[in-house]
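Letters A, B, C, D and E mark the chains in the order given here, with residues in each chain numbered from 1 onward.
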Amino acid sequence: QETIKIGVTEPLTGPVAASGTYVTNGARIAADYINQNGGVLGKKLQLVIEDNKSNPREAVNSVEKLILKDKVPVLMGAWSSTFTLAIMPKLTEYGVPLVVETASSSKITTAGNPWVFRTSPTSAMEAQAFAKLIDGFSPAIKKVDFLSVNNDWGLGAAAEFKKMLEAKGITIGRTETMTPDMTDLSAQLAALKGTGSDTLIVTSGIEQLTLAIRQAGEQRLPQRIITTGGSFPEPLLKNPGPKGYASQHLLFFAPWAPERAKHPEVAKAFMDGWKARNLEFAGQTEGFRGFDAILTIAEAIRVAGKADSAAIRDALWKVQVKGANGDVAFSKEGPAGKESGQASPNVYVVELKDGKVSVK
Amino acid sequence: MTFLVCVLGLAILPLVWPDPYMLSVVASAGIFIIAAISLNLLLGFTGQLSLGHVAFFGLGAYTTSLLSLGFDVTLWGMSEPLVVDPKPVWLSFVCGIVFAAVAGWLLGKLAFRVRGAYFVIVTISFAQVMRMVALNWVDLTEGPMALNGIPALTLWVPGEGVIDLVTKASTYWLVLAVGVLSYLLVAAIVHSRVGRAMIALRENEVLARSVGIRVTHYLGIATIFAAGIAGAAGGLYAHTVRIIDPDVFMFMFTIMMVIMVIVGGKGTLAGPVVGGLLFGLLPEVLRGVVSPEIQWMIYGVLMIAVLVFMPKGVVPSAGNLLRRYSARAGKTPAPLARRKTA
Amino acid sequence: MNVLKLEDVTVRYGATTGVNRLSLEVHEGELVTLIGANGAGKSTTLRAINGLEPLAHGCIRMDGHVVSGASPAQIIDRGISHCPEGRRVFPQLTVRENLEMGAYRRIDRQRVRDDMERMFDKFPRLRERVQQVAGTLSGGEQQMLAIARALMSRPRLVMFDEPSLGLAPNIVEQIFSLIQEIRREGTTVLMVEQNAYAALAMCDRGYLLENGHIVSQGTSAEMRANPEIRRAYLGG
Amino acid sequence: MSTLNATPALELDGVTMRIAGLTAVDNASFAVPAGKIVSLIGPNGAGKTTTYNVISGYMKPTAGRIRLFGHDITGMAPEQISQLGLVRSFQRTSIFSACTVAENIRTALHLKGSCGVLQALLRTPRFRREEASLRHEADELMAFLGLSARADELASNLSYGEQRLLGVGLALAAKPKVLLLDEPAAGLNPSETESFKEMVRRIGQSGVTVLLVEHDMHMVMSISDHIVVLNYGRLIATGSPSEIQNDPEVIRAYLGSGIERAEA
Amino acid sequence: MQHTLNALVLGSTYALLGIGLTLIFGIMRVVNFAHGELYTLGAYVAYAVVGMFGMNFFGSLIVAAVAGMVVGAAIEYLLLRRRDLKAMDEVMLIMIGVMIIMQNAELLMWGGVAKSVPSPFGQEPVVLGAISVSPIRLFVLVTAAVLLVVFYMLIERSRLGLAMRATFQDKDAAKIVGVNVSHVYTLTFALGSCLASVAGALLAPVFVVTPTMGDLASLKAFAIVILGGLGNLKGAALGGFILALVEEFGAGYISTAYRDALGFLVILAVMIFRPQGLFTIKERVG
């Protein structure tokens, strides 16, 4: 055998294609990076990438193909919680481990599927990380509104952040939701305008974050805007909102300050690869997920000593990976005996004002 | 006759070519072919273009999933939550069909006054509202958090007891069985007085009423059966994918069904099956050949090409060709295309 | 001089033949009628002349020029107008708009308005209904509108396909005298009419179609005297 | 009229229909005695078709009542009314275009059948028997209409006259007790009209009550037992054919001098 | 107040989408699922022209208009000509094919990442007491109003508009009176596409540009055109504003979670009580 295959299923077409493509590019960079440094077990890594078309049925089909036709021993994917949950029965059926790089639903690791290892944080973890930074804000956060996309991620994040804020004695104001494809948020923002809160926590994808921040500026929303989930409203870099209007973003990777990463050399390797491929700068805030996930898988294969599914799974429990975000190591979650793996990443706060970014 | 041969051929496929990937792909397409067969009853025979067909698919899926998993929900005006224990899968599956059929009947009632483009928008709206409900009634449906751990359908096998239908071949046969049943059901309806009444509605509603055909009644029957079968397809989807979320109400799913029906040839019995096999399997054929965007573009181009060169769909055009060929060969005309429009 | 000449014209609808090797001619200023049983090919002939059906065989000439293959618009520009069977008014347009459509190829807008007034004088019923949507007119009102629309293009030759269809007896009379009137004013008329008696009485010449071709022709008197025609088409 | 004591097949009582500010039918009352052929005539736009629409349930009258064999049918749906035995044909040609002639007729025989979905699904013996008998009846009716040779032709491929004939055939297929015909002979030539007239007469003789709207005076005068004349929605005359022919108001509003030609 | 203004502004974007579709769907009866793709095309044209070549935004509107016209004409010429438009669903499917092709071509060319186009008026909102609105949105409002009037005149008052309406009511009869039917087909489709494209370019600075931005736009546009009654431009405009009002106030006073559902519920209600849309008359029987 010349190469070791890793299956990747990501949304490359359809509504969430942008993020899926970022992650896939991150994965490609990782594979190249490893191969340039001698590969794993003396063999080169080969990514087999399939499009899950932003659709759970296609996610299942793509995984069937990767496992049955390409015979990949390990998988990475599938971006959203729905797609991930849809393919999870297949993992048990065929006994193939999956490293989940993005999905945030708590169900993924609590469903009792021992083939699942998640590198991305749950919303609860993100909220806890944010809790540590909360006192750094001035003026202080006293009352918080929410604007969330109404999927598992947005609603889950709102719920976890509320829990955390309440524990800190902070008042919860109004909560508004939006469908992922909504472009005009004026009704939601108008409803939030008069709540008297000082902070608005927004959870959604890049497009909607951009629209929300811009339209909030247009409607002169008084709240300070904080976004969660690691997405960054990249279009605001080139076309900033109204002057003086600032927003803050919880990120897991901040390419504006790679030196602040726990392993700057790894972060730099990732960023170099990104640059070499001529990709959008801000996309690195999402792309690193694919990079770290592949590094993790490669490390597991090395520890396992062979490209065998069960061995890789056992090895995943032992890995200690230096990733772009920081250290990746898995702890157990879910019902005893059938635990899934969950890593705990680092969080950065980044401020965007007049098209300029500063890392806090 | 041809039909029996086809069914037998499909039935022994897993024995002669037990490639699990192929089987899973065909089964997955099969689920949508079943939905397309049901859509054809509405679109092809009553002439009502429903772009909300996925609503019934989703309702079937949610009903059977919720019943087989059990749920508790506080209804408006109730002090005690309503607790429903998990039910046997097959019972849930049947309930899913019934519930979808009831919803079909309801939509039939609701939409009985509108036709054409207006019917289209009513059905789209209905599906959208269903999706919003699934998304926002978190107490019941878990909303976007998805229902997972849905049990598989079971079968009692002599000697082995009750087994879960999870293997590729068993899923395949399960889908095939439901598919054949749906096909026969639609065929029986269409080739009857009831079917003629439906076609009359498609052709000229005013005239149909004047000869005593209660069009709303037959439109109702058509929607009930179409919705019920779509509900069965949804149930199969839920019990094979084993997780559902409001995405089962995706507009794209309706589009997929419509593609299968029209490309195959609406108003013909074999149309949705042929169209479904072609365009259900096409994505898998294209997978990995070129980049994903190009795969889609090829898909679109082929779709247009079929309709440009075979304006009525594959089955009627093939039927015409066959007839012309046999006419030239001096044989009796093949009854293929005829039978379909009867 | 013949305005219109059909030579060996064949029109096919897939496997069926609409008209088969049909030849006829219409002279300047004449009123010519086509009669024949249902499905004989009368309407098909008019549609072929109008450029609506492609010819499988044969040739159509106008003023000596070959016009087979020309588009309906070109045919109209040559001065032929067609009042089709089954009325074919534009159902969602008002009566006025339908008449405007009749003058679609004309550019003399002022004269168009005058002509419209003339049509209203001829069909007072239409004036009462100017703003009504044509689809809601009664059958006979629609027929009047179709006739008026055909005359709005100021044709040199006008083809009527069953103009009396669905009209009250007194209106039929009016229509027939209108047709004779426009003919007197110099317009050539080619008419398909089921009311064979009246049609043959007012025409100069007639043709009898059967199964897509001409089986008999002659002057008005000859046609009426033909015993076969009397038996088959005049009801005794 | 001599049928005063018997219940008329169809009876209109002060029927008024206003559409978009226009009174298309204005307080019309008349009766059609059972087993007779009655004609409804009047100038174009007089409201004849509208009257049909009201009778057959496509329009709800603004005022007035309609009775079928003494049974009030005002405001019922068309399909209910045809079930009660009143069927109409259409002035604008109405057929099932994409179906063959035979299929058209079999579809129109709907009321003759009774099998529902259940029988269809189970293919019961009764279902099979019924299908066979419908097929047979359709063949007979096509023979009656003279369309047997066209049985397998798509209806849209028929010529205009044949389509009109088929349209009447469809109404007949519904086995009416009262048949409303709206200009059935339009598009037929005199000899065809003649044989069509015979057909209507035979239909009348078979016990069907016929109400006829027709502009062919030759046919109307020779076939009708009784004539009703409408003008601007109002009843202006009723009577026997000879009475109507000589009614000055009818002549002025409708017949003109054309009556002579019709008689010729 | 803010809600009313928002509804007005949102309604104008809906109306803008509705005009083009009124031509293609309302008059031509083509269930044009590619309408949203032409909208997207316009937006990308604006992005390319403004963002990449640094041209003026208003110039980009013209480029978008031309691009929409050309692409629309090409689609009509290649795919719709000689087809029986009465076969509504087959034509619809062809347009779905076009949609799939165009959307993925955009994805291939531009990537899935959202692009944004700078507003020619800057980002500073216009503030009037408690309410504020961005100047570009006011511009959209005005443009929509102007286009509505222009196209109303075109469809209802001009000879061309008359020919368009006539042609799609009865193609054969239109031929008989001498309309060059194929020109009318091409022109109608091209104009409708052009409007969609202009709407996309116009709204590009308001929203962000992505390959899937047309999906929701299409659906909304359909709802609006049907709500107003097919082929009725006034109805479509009003339908747009009604939908916007319902969404805006429903979201403000009932629940944002059901904002979209409210819109669809209104459509359901209208269809139940006035099945032929708000502003059309029934056809006659017999």
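Rule of thumb we're sticking to: a contact is a pair of C-beta atoms (placed from the backbone, for glycine too) under 8 Å apart; a residue touches a chain by one contact, two chains touch by 3 or more.
What you see is a predicted model; the values in this text were computed from it and never measured.
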Interchain contact steps from chain C to chain E (minimum; 1 if touching): 1
Set of chains adjacent to chain A and to chain C: E
Chain located farthest away, centre of chain C as origin (C-alpha): A
Chain at maximum distance from chain E, centres defined as averaged CA atoms: D
Centroid spacing, where centroids are CA-atom means, of chain D and chain E in whole angstrom: 47
Distance between chain centroids, defined by C-alpha means - chain A, chain D (Å): 73
Approximate Å spacing (C-alpha centroids) for the pair chain B, chain D: 42
Centre-to-centre distance between chain E and chain A (centres being mean Cα positions), rounded to whole Å: 35
Shared interface positions of chain D, touching two or more other chains: 20, 49-50, 58, 90-92
Multi-chain contact residues (two or more partners), chain E: 104, 107, 215, 257, 260, 281, 285
Two or more partner chains touched - positions in chain A: 13, 150, 179
Which pairs of chains touch, using the document's own definition: A-B, A-E, B-D, B-E, C-D, C-E, D-E
Chain C-facing residues of chain E, complex: 159, 162-163, 165-166, 169-170, 172-180, 231, 281, 283-284
Residues of chain D touching chain E in the complex: 20, 49-50, 52-53, 58-59, 90-92, 182
Residue ranges of chain A touching chain B (in the complex, touch as defined): 12-13, 50-51, 53, 55-58, 60-62, 64-65, 68-69, 81-82, 85-86, 88-89, 93, 105, 107, 111, 150-156, 179
Sites on chain B touched by chain D in the complex: 185, 188-189, 191-197, 199-200, 203-204, 206-215, 221, 225, 341-342
Chain A-facing residues of chain E, complex: 2-3, 6, 9-10, 13, 51, 104, 107, 111-119, 123-125, 127, 132-134, 137, 205, 207-208, 210-213, 215-216, 247-248, 250-252, 256-257, 259-260
